[in-house]
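You will see two complexes here that share subunit A, one where it goes with subunit B and one where it goes with subunit C.
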Partner chain A sequence: MTRNGPLALAFHAVFIAFILAPLIVVCLVAFTPESYLSVPTTRWSLRWFEAIWGSDFIPAFWTSVMVACLAASIALLISVPAAMATARYQFPGREALVAYFLSPLMVPHVVLGVALLRFMAEVGLTANLFGLVMGHVIIVLPFALRLVLAALTGMSRHCEWAAWSLGAPLHVVFRRITLPMILPGLAGGWLLAFIQSFDELTMTVFIASPGTTTLPVRMFLYITDNIDPMVASVSTALIVLAIVMMAVMERVYGLERLLSGKGAS
Partner chain B sequence: MPYLLSAPATAVLTLFLAVPLVMVLLLSFNTFTMATGIQPGYSLVNYIEVLGDEYFHTIFGRTFLLAACVTAVSALIGAPEAYIVHRMRAPWRSLFLLVILGPLLVSVVVRTLGWAVLLGRNGMVNVVLKSLGIVESPVEFMFTFTGMTVALVHVLVPFLVLSVWTSLRRLDPAVEAAAISLGASQITVLRRIVLPQAMPGILSGCLIVFTLAASAFATPAIVGGRRLKVASMAAYDEFLNSLNWPLGAAIVVVLLVAMVAIVMVSNRVVERRFRQVFEG
Partner chain C sequence: MAFLELTGLVKRYGTTAAVDGVDLAVERGEFLSLLGPSGCGKSTTLMMIAGFVDPTAGRIAIGGRDVANIRPNNRNIGVVFQSFALFPHMTVAENVGFGLEMRGVAAEERARRIADTLALVRLADFAQRYPKQLSGGQQQRVALARALVVQPDLLLLDEPMSSLDAKLREEMRVEIRDIQRRVAITTILVTHDQSEALLMADRVAVMDRGRIVRIGRPYEVYEDPGSRFVCNFLGRTNLIPAAVIGRSPGRSRLRIGAVEIDALGDAPSERATLSLRPERLAFAEEGLPGKVESCLFMGGQWLYRVGTAIGELLVIRPNEGGKHVPEGGQVRVSWDADAPRVVHE
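After this line comes the complex of A and B, so read on.
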């Protein structure tokens, strides 16, 4: 294969700079000693990181973690049997069912937010964590399902058949053979679901109430009000967190494989 | 058995997706007045307002113009970048793919904040432009259409790179080599071999970027502000500020229908074009 010419490499450099510039500038601004947005040149300070501790970003962070954990776990819990059904059985309506499971990908998050707001007002679930979690389950379900499905269709079934022919009942086969074999897929699915839920803003902004504000919503409301270095230091913490997550996912599942199963943000 | 296994997922989706969507559709036919609140009924008054009012024409026009601009720019810079990364050697290739796709794991709010810092009156972009002597006085990018486009391209271009990259991986390097050995120039190889095979990836990437851009909320809201409202912002304001839910529901339904229509028409056109590419 021919190599990239100097023109191509110059283009590449500009593109990478474009991708990284906003993230780097946020990290720099977070270390400013001033009380306005500026890139520190001579003096660096951690005062804005210290300021986070007393702020309401901390409870919002824990709400986000809790919602994301619950949503990812519930989504995984219901997508394993669903994936078993669609990967292992041939039955009428199978195609339609898969399309139905993946349909949340097709609905824009603002539509979902509006729909859930209306739904919860009707059934009396407003200002309720359960409603928020279920909304997130809907959003992350396709991501979890796709990875579980890939794991199930990718594994060899010979071990299952061997166990079964040796007299193991179906539930033992599932617990002792199938589950350990698809575990990397499950872990990848859970992580991807967690991140999708943790970063979700557009739907949550409609249905979050003061008691159930997630971190992205808190940050969004803060930024539309005013931008100061504190929100930059919160962002820096999130960027570091994302890098850690990337390393974990690379270890557990392979990042490229994980992301190519992605469709929407 | 399979029905039993898929029952929990089906139940959750039906209760929390299908039912709420139907409820929004019904809501959009209700009426609203400040004095009485939401009145049940079947009236087209909200649709008449959304489709007939100059104010909403501007908002929907801006929304789809923004989506089209973001898609075009993403395709113009994302597709070449995917090809360049595709041609790189082993460690660099996955490293740069990681750099490009990594930001997808960072919240949109964080990435947009970066642009808000960069594009401000005293932001980095203005400092660079001034020091290069390109502009005399600082250019206002915040609360402009250009600013929204730049920030949204940054948010969505990884999807396009990913999509093109996936289709390029199926490309057989032997075909390129064969074309060169038969005397074709680099440009000819690019135009006659690479581009036709990358086209499905480019087009499906464009579709993803377009739909996400048309319904984007956070980035237009932060960079564009109230002055340059897009459809999702308008829905947000109706639901959480004016409390005119039926009107907000109608905005959302119109947005959804318009998006689905555009996607279906472009699919149809693309399919027809493709037959010609492959047969011709």
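After this line comes the complex of A and C, so read on.
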């Protein structure tokens, strides 16, 4: 193993500091007692964490979790057959179809937001959780599809063939062989989709209504009206939640394996 | 009527023909090897027999029944893949039992047959392991057990040994051959390894560019390869261009420079190629004079390169206690009357 030289070490240190510094500042601000942003500070308080309970950040959080769960699950349900078709079969327009499925990556979310707002007003889906979830499905689908595709193309065709010739009809082959073998890819795809949906602000701002405000939208609206450490404390709570979830997944499964979509080895 | 019959089998991908008119008949209990270089269509042929690949044209009949409309799950064929294709999320016992489960065999009966088959491949103690906990040779025996336990009508082996190391490969060849004899199952082995095909099979079919170019018992095909391609592909040989100066039925008289040689086989035109297998050549009192240009020790054999009037000849002699002709030594090369063969281009 080659060791890093002093220059490389310094570079890595600066790089890590660059990523962490804003998060650390946010965390520090969250523990200040003043009702304005004061860093550095010498006094500490949990006042702004207590303020979260009973605020409308809590229902917004649950809306976000629900929307992300639904959007990720629906995206996965669409991804599996789409990936099976495009990974396993050659047909005219196959490349175009894959590009089409992945195209939401290319469209700016602002554009999607405006378009969906107009569309939903037209078909009467505004102020509706269903419309919001569908909008999120569009955005997270490419992430789910990419990982499911990677898992399927990384899996040997021969295992399916072996099961087939051992007497399993194709639907049994899929359930007993294909699905278990691409399960890590499915889990990774679902997780990435969940994170994307949970994070989404730009498009959601357009189509969320008072009844379906997600957490990022709630936070965005809050900081347009207020300058106090409330948002910092919410952010800190989210950071802690993310760290705990990552630690659990790393223990249970291995994050790298999950996010690279590699099949069972 | 043979047990397995392929008639005019063709598989085209776009305009290229991977398999270009294969006719083949395999008897019940026979072990046949499809041998050829990569891309010759041997694997595609096997995959069509298994039913994974649909033929473009032609007919496949198993036990006298056309299987065109029978899907792989109803063909009752056991397949062993090069990658073994074990199910990674199932134990050895579950892998082997999968085919029985699909056939609705009751749990008790299933357990008994799994145990019997694992014993047959000498893996009785490994039933509860997962595939990744096994060595390559063990994985390959699981794959074999999984294919055999359902008592298939036909066993297809697709390059089953090529991902094993050399020593293990030699052991597995003999072991698979023994198991095949014991359960007397009709078997087709696809391989690019000529020694594997010669050693294991009752008959060898050599394929080139989508067609079977020579088929017969291993020693027949080896001794009388017919074409230059088969001759080169099966073992080593000395190929010498010659002029045809005389013909009698089944024999030809050839001239190379000032040397005249009688060879087995009919020469198609005025020019022909002479094949002399290096292990059929010997050093004797009488024969073609030559000078040893190099002499390599190969353990069981000595490999000589001898310069003669008909060109440089490879000669392989068994090692008989270290005696050998040194480099630069003068020798006379002789051969039996049935050693020289005429081969076609």
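The rule is short, and it goes like this: the second predicted complex is superposed on the first by the 223 of 265 C-alpha atoms of A that agree within 3 Å, B and C clash if a C-alpha of one lies under 4 Å from a C-alpha of the other, contacts with A are read in each partner's own complex, and residues count from 1 in each chain.
Convention: a residue touches a chain if its C-beta (ideal position, glycine included) is under 8 Å from a C-beta of that chain, and two chains touch if they have at least 3 such contacts.
None of the values given here were measured: they were computed from a predicted structure.
Asks: By the touch definition at the top of the document, which applies to A:Met245: first (subunit B), second (subunit C), both, or neither?
Replies: first
Asks: Considering only the touch criterion stated at the top, classify A:Met219 as touching first (subunit B), second (subunit C), both, or neither.
Replies: In the superposed model, A:Met219 contacts subunit B only, not subunit C.
Asks: Tell me which touches more residues of subunit A here: subunit C or subunit B.
Replies: Answer, by number of touched residues of subunit A: B.
Asks: State whether A:Thr63 touches subunit B only (first), subunit C only (second), both chains, or neither.
Replies: The answer is neither, since A:Thr63 touches no partner chain.
Asks: Just checking: does A:Ala162 make contact with subunit B only, subunit C only, both, or neither of them? Give me first, second, both or neither.
Replies: In the superposition, A:Ala162 contacts subunit C only.
Asks: Which holds for A:Val205: it touches subunit B only (first), subunit C only (second), both, or neither?
Replies: In the superposition, A:Val205 touches subunit B alone.
Asks: With the two complexes superposed on chain A, say which partner A:Ile177 touches: subunit B (first), subunit C (second), both, or neither.
Replies: second
Asks: Where on subunit A do the contacts with subunit B and the contacts with subunit C coincide?
Replies: Shared contact residues on subunit A (touching subunit B in one complex, subunit C in the other): 264-265.
Asks: Spell out the part of subunit B that touches subunit A in their complex, as residue ranges.
Replies: My answer: residues 1-6, 8-10, 12-13, 16-17, 19-21, 23-24, 27, 77, 80-81, 84-85, 87-88, 94, 96-118, 120, 124, 151, 154-159, 162, 166, 173, 176-177, 180, 186, 208, 211-212, 214-218, 221-222, 225, 232, 235-236, 239-240, 245, 248-249, 252, 255-256, 259.
Asks: Which stretch or stretches of subunit A touch subunit C in the complex?
Replies: Subunit A residues touching subunit C: 156, 158-159, 161-170, 172, 176-177, 180-181, 264-265.
Asks: Spell out the part of subunit C that touches subunit A in their complex, as residue ranges.
Replies: Going through subunit C, the ones touching subunit A are 50-52, 71-79, 81-83, 85-89, 98-99, 102-103, 132, 143, 146-147, 150.
Asks: Help me check something: in the complex, which residues belonging to subunit A touch subunit B?
Replies: Touch list, subunit A to subunit B: 1-4, 8-9, 11-12, 15-16, 18-23, 25-26, 29, 37, 39, 74, 77-79, 81-82, 84-86, 88-89, 91, 94, 97, 100-101, 103-104, 107-112, 114-119, 122, 134-135, 137-138, 141, 145, 195, 198-199, 201-202, 205-206, 215-216, 219-220, 223-224, 227, 231-232, 235, 238-239, 242-243, 245-246, 255-256, 259-260, 262-265.
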